[in-house]
Amino acid sequence: MKSLTEYLKFNTKRRRAFVNITPDVARLVKKSKVKEGLCLVNAMHITASVFINDNESGLHNDYEKWLEWLAPHEPTEQYDHNKTGEDNADAHLKRQVMGREVVVAITDGDLDFGPWEQIFYGEFDGRRTKRALVKIIGE
Amino acid sequence: MKSLTEYLKFNTKRRRAFVNITPDVARLVKKSKVKEGLCLVNAMHITASVFINDNESGLHNDYEKWLEWLAPHEPTEQYDHNKTGEDNADAHLKRQVMGREVVVAITDGDLDFGPWEQIFYGEFDGRRTKRALVKIIGE
Amino acid sequence: MKSLTEYLKFNTKRRRAFVNITPDVARLVKKSKVKEGLCLVNAMHITASVFINDNESGLHNDYEKWLEWLAPHEPTEQYDHNKTGEDNADAHLKRQVMGREVVVAITDGDLDFGPWEQIFYGEFDGRRTKRALVKIIGE
């Protein structure tokens, strides 16, 4: 069994952002030399997500508006978590909707993707250095 | 390490539908001859889901109503994504709630399931051919 | 390839509860002797979740309130599923938001976690015995 472990770093300028990491993950699959296996990509912070969806800016606006409706950032006092001195409770909620991780099949040495699948890092409490993990196992 | 890769095809008559794919996945686990391992099942389209829940039609009605409340199909103009000419922005949102994929343990040659677990393909923008992927790895 | 399969049992006193299972999972990773691999942890019941987030009681209150807003337990008659005699339709919905499972990388013999990641069993219809599965594969 082969394996590869790498960490991607992010420091988004805005509190919330979506970053397309498909090329990074595809490069690591090649580097792993795994032909048949699984590729796990997960946020290592609990106010961020890794998810697969469309690389279309209108849709990303829709996600931003929808997540703000589902779990508004303000008023920050509405959340018990923010009594700890944080202001990011909403980010912990948004991350549950969008998910922590994706597991992608590797077939014949490549990410086995449908026509529009792209991997995104979803940041909900940015403006500081955070990481995602890529773990590949297989043969 | 053994592996198996197969694709399931769907073409639902209605825009939204839930299809029980447990027998298909169980059959592929047998075919793989994997005794101990992991089975990934994921939608290959970003307006569909694969999820595990109950095979009960009342619950499926509840999901349908709930997802329409969370992310209504209409008015389609409420979504920026639909400015591209699509009318399926809601499907991209619904799919995030229900999830892209499941990973199921294979133990002693079978899906290692609790008493009520069943795997569903959740379609939110059907009436055309779409696929799910089944990837099995193990020994 | 090494593998390990174990089942964790729960019987929460209250209908809804969050249980930190990180020490249990970490112990099983050690027991497996897997140095590089993947660890799947999933609820085996469809009214429960396994998820990764913060071990902070204020945040858990926020999740409880938020999930009750998203999918209220009462009135129980609002759900078609409850016509079967159940009263737990809301639990099936809440579980979709929080997720069924997590897949965690194992690196150098340990769970490869970011600074605040903790694994929780999320119960939405407790007061009876239920299980989560831990499956570890790797080398």
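Observations on the model:
Order of writing sets the chain letters: A, B and C. Residues in each chain are counted from 1.
The working rule: a residue touches a chain if its C-beta (ideal position, glycine included) is under 8 Å from a C-beta of that chain, and two chains touch if they have at least 3 such contacts.
Keep in mind it's a predicted model, so treat the numbers as computed, not measured.
Think of subunit A turning onto subunit B: fitted on CA atoms, that turn is 120 degrees, to the nearest 5.
For the self-contact between subunit B and subunit C, the two sides draw on mostly distinct residue numbers; the shared fraction is below half.
The centroid of the Cα atoms in subunit B and the matching centroid in subunit C are 20 Å apart.
The multi-chain contact residues of subunit A, meaning those touching 2 or more other chains, are 1, 38, 70, 97, 99, 103, 137.
Per the touch definition, subunit A reaches subunit C in the complex via residues 1, 3, 5, 38, 40, 42-46, 70-71, 79-84, 89, 92-93, 95-97, 99-101, 103, 131, 133, 135, 137. Across the complex, subunit B meets subunit C through its residues 1, 36-38, 51-54, 56-59, 61-63, 66, 70, 97-99, 102-105, 107, 112-117, 137-139.
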